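After this come two complexes, each holding chain A, first together with chain B and then together with chain C.
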Partner chain A sequence: MRSRYFTALAVAVLLGSGMLVFAKPPAGSGSITGKVTYTGTPPKMKPIDMSKEPSCAKQHATPVLTENVATGPGNALQWVVVYISAGDQGSTAPSQAVRYDQKGCQYLPHVLPMQVDQGLQIYNDDQTSHNIHPLSKINAEWNKSQPPGSPAIDTKYDKPEFIPVKCNIHPWMHGYFIVLNTSHYAVSGEDGSFDIKGLPPGKYTVTAWQEQYPAQSQEVTISGSEAKTANFVFKVLPY
Partner chain B sequence: MTLKKLAVTFALGSMALVTVGATSILAQSHVNSPDPSLGAPSVSSEESHIGNMTGHAGEGKQLYRRYCIGCHGPDGNGEGMNAQWIDPKPRDFTEATFKCRSTPTGTLPTDQDLYDAITRGFVTTNMPSWRPLTPQQRADLVAFVKTWSPRWTKGKAGAPLDIPAETPVTIESILHGRELFQKLECWKCHGPEGHGDGPSALTLTDDKGNPIRPYDFSSGSRFMCGTTNRDLYRIFMTGLDGSPMPSFADVVKPNEAWDLVHFLRTLQPLKTQEADLWMAYRAAHGADLKPIGPDAAPGGQ
Partner chain C sequence: MGKLFAAVVFVITLISVAIFVMHTWWLPIDISTTGPAVDRQMNDTMIGTGILFLAGQLVLGVFVWGSSSRKSGRKIRIFPGGATPLVTAAIILVGLEILTLTFVGSKAWGAIYLTPPAANSLRVDVQAEQFAFYFRYPGPDGQFGGLHPDKIDDGSGNYFGLDPANDIAARDDIVVGSLVVPVNRPVELTLHSKDVGHSFYVRELRVQQDFVPGLDIPLHFTATQTGKFEIVCTQLCGLGHYNMKAYLEVMPEDQWEQWLKSQAGQ
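Let's look at the complex of A and B:
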């Protein structure tokens, strides 16, 4: 059910902003900032038992919590990807690769946005082998072992998609690759805030994606180098 | 019951029968129709090449209707009538993700890989060997299976893995393979003794979220993707896509891979050269062997 939802969402992204314009996009100085919060009672994040992997367990003074609904003070909601889903003029992927770490049997960061065709480097910083298994449906699915000390896995995705990532050896490890057709995106921090910079004037659809709850969109129009605000409120349930 | 009532009942009954018959004919013609939603529109032009043989999707489609549709379904998505009774679930061809490949993880298998899979069947699953079909028929089926996903028209199969000649079976090779079994965390799923009972075994799911079991070497059964040492080499180097089994091609060197093959053979209750060597070694040095498991892991307690 969930994966079907992701597929639908990813297809929407593809249709929405897939019409890449080959001319160099205008550089902008507009911005959209805001805060992602929740109403309702969020589910309690569970402590992860890493005792089966002592080399990881000893890296954490207190047990790591699950991150599917990560909250902060003031009803802040973390790990929400806010991105331009329509209205973006498109741009080529930056040459700088994004970095994904497996450290202390956790994925850092939990949610990693990137652009289509942008380099993705995956590191294993642990003393144990991981297998990195992104469960893509639109892009080709692969699954690779990465023992301690092996070189980074260098890869990229050529289609936009929201991809859950897991390690089958350490089943508590969960993360997301968010492959977008836009360079204008941000991830909400611990305080729920996000900041999308460098927007040229235009009419945009801004979408906020959270791994457990339905995505939300708002229309934002930027003229000149305006700084607009867009807040998102997710309705959460305690289960 | 009067005669009249009986006649009415009979008439209604036969109407119902005719309806059922017509529906099933309709359902079949649905598969046979040139409906573009059924496989790729270019069904008849799709081909497979296995050795000197050329398979044709048009012929394959008829065979699929006859032999495959019950499990793999009229839409090729593994949701045939029988699928609900089957575990592991039939392959969903629309995803074009295949376990048994000679090609790197994340790439399409070769026509030969698909042909071999149909020929061999999958041990411990409901997929039988289709050797009773002629080679040409199996080639036709390969061509048709490839019409279910656009990945086949857009992309090519990966480059088959280069497997070097097998190294000699020695006790050193087996012992080194055992070290790899520990270091690469094979035992986390397959278990310290290869019984498929490692600490993560019960948590495993395939890419559709269905529970899946790691291979139990002590069963002595054939492997999912073959029987020979070369098959075993290929299985862990390419990984079984769509399952939790990852590819080790980037992290295990060819010679080391043969060492791992030799050790894995000792986990099977079979009379093999590897098993003989290992039994003799264990009889003499068994007490010195560090058991496989968390305590032997680097960075462990």
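Let's look at the complex of A and C:
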């Protein structure tokens, strides 16, 4: 009789924890780290002439360069988004919004990843008007004027998409919103390195996206709290 | 009351004329070879229209003054022959004035628009877009690369639509946001627009020319003074029109050569 009671309790606990797993995947402790590099000769990034907007020009001691192929020492490739494109069990968007700044007539950061339905706050830190225009095709398209001192634009995207962002006033301003279906992503830094943390055990497809070159994918299997390495090499052309 | 009104008319007229005669708000300095002819034309127009303005206002004032003390019941006098000869005379007078100005001014116009640019002109391509101007120099090879509107990509700085991957002439083209020219050398611009109508206007050059999408419009000038001058868009082109401007920098020849070399290095 007593043993039967314990069995029932054990089953209930198991079922309960099973339901918990179903409702919310456990934050794993596996990770994928690596480096994004290039082979070949990258195009020369061009200096941006902001002289028509003196309040921006004076914020930069040397001219800002275009960022479509941003490289670093050791053939590092910056602004590459590395994310789990398959195998992720999905998760709800974090309550913390991501922040996008218009500062010195530049978009900071150049590439901003976020999760579907995650809050997005866009600030104008400049003494000039901006008119941000994300060129979305799957999500609803909009453009909004933001004079200096305006409150932040508070928005979100409800479908995954890679969205080029431009300013309708300053043609050189250029960035990307990367709306993903996963919370597991990273952007390669100046040294090309990235670090995706908190992965539960599983079989994943890891994709690296760069704005100018075709995306690349790798299969990575994580068991337990493994730290796996995945490196990506992009072939670049001077023109 | 009538006499007061007449006095006000006289005062306004004389003050307005004085402002023009004393050049209180006059044209900015002229830095182009074709500028003096434009200024002369402007001056002639101001004198012609000024005299008519002065005469018209003074006659109005005199009539107001005279009529104010008129007793009612006095016979109204009209222009001999009625309104028809009066209006005809006015049309002939104004028409003659406009024709004369056009005839005299055609020389100034012709110097800018009907004279081909000098053979040693510096060629610069201009791309206007919402809301900036971009300028292209042919680079060390002296050749402009072809334009491919489908290749235009502001994000990577390709404002003109060059195709350096397939077009060797385009590889060394210099694209900048300011128009930098040597002093005393003829400059030949070709104006293109990426999107809508814009206008290239430099007050000090006395030159104003619209951009028309789909057309390559030639324009030439020679700057005779060094300095930095504003290029503004004077064709309402959208939300950011107020903000659409660039700078014309006129430099001594050797300094300009250096500037060009430093740009080619990038």
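We take it that the second predicted complex is superposed on the first by the 217 of 239 C-alpha atoms of A that agree within 3 Å, B and C clash if a C-alpha of one lies under 4 Å from a C-alpha of the other, contacts with A are read in each partner's own complex, and residues count from 1 in each chain.
Everything below uses one rule, namely that a contact is a pair of C-beta atoms (placed from the backbone, for glycine too) under 8 Å apart; a residue touches a chain by one contact, two chains touch by 3 or more.
Note that the structure is predicted; figures quoted are calculated from it, not measured.
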Exercise. Looking at the overlay on chain A, is there a clash between chain B and chain C, or do the two fit?
Worked result: clash
For this session: Please indicate which partner A:223 is in contact with in the superposed arrangement: first for chain B, second for chain C, both, or neither.
Result: neither
For this session: Using the touch definition from the top, say if A:133 reaches chain B (first), chain C (second), both or neither.
Result: first
For this session: Check whether A:145 is in contact with chain B, with chain C, with both or with neither, and answer first, second, both or neither.
Result: both
Exercise. In the superposed arrangement, which partner chain does A:55 touch: chain B (first), chain C (second), both, or neither?
Worked result: first
Exercise. Given the touch rule stated above, what does A:153 touch, chain B (first), chain C (second), both, or neither?
Worked result: first
Exercise. Given the touch rule stated above, what does A:47 touch, chain B (first), chain C (second), both, or neither?
Worked result: second
For this session: Identify the partner contact of A:168: answer first if only chain B is touched, second if only chain C is, both if each is, neither if none is.
Result: both
Problem set entry | First, second, both or neither for A:39, with chain B first and chain C second | neither
For this session: Would you indicate which of the stretches 76-84, 166-174 or 184-192 belonging to chain B has clashing C-alpha atoms with chain C?
Result: 184-192
For this session: Name the residues of chain A shared by its contacts with chain B and its contacts with chain C.
Result: 52-53, 128-129, 131, 145, 168-171
Problem set entry | List of chain C residues in touch with chain A within their complex | 129-133, 154-157, 159, 164-165, 171, 175-178, 239-240, 243-247, 266
For this session: Flag every residue of chain A that touches chain C in the complex, lowest number first.
Result: 43-44, 46-53, 66, 68, 128-129, 131, 145, 164, 166, 168-172, 174, 211-212, 237, 239
For this session: In the complex, go through chain B and note every residue touching chain A.
Result: 95, 97, 104-107, 151, 155, 183-185, 188-189, 199-200, 203-204, 207, 239, 241-248, 250-251, 294, 297-301
Seminar exercise, completed: Listed in rising order, chain A residues that touch chain B in their complex are 52-55, 58, 127-129, 131-133, 135, 137, 140-148, 150, 153, 168-171
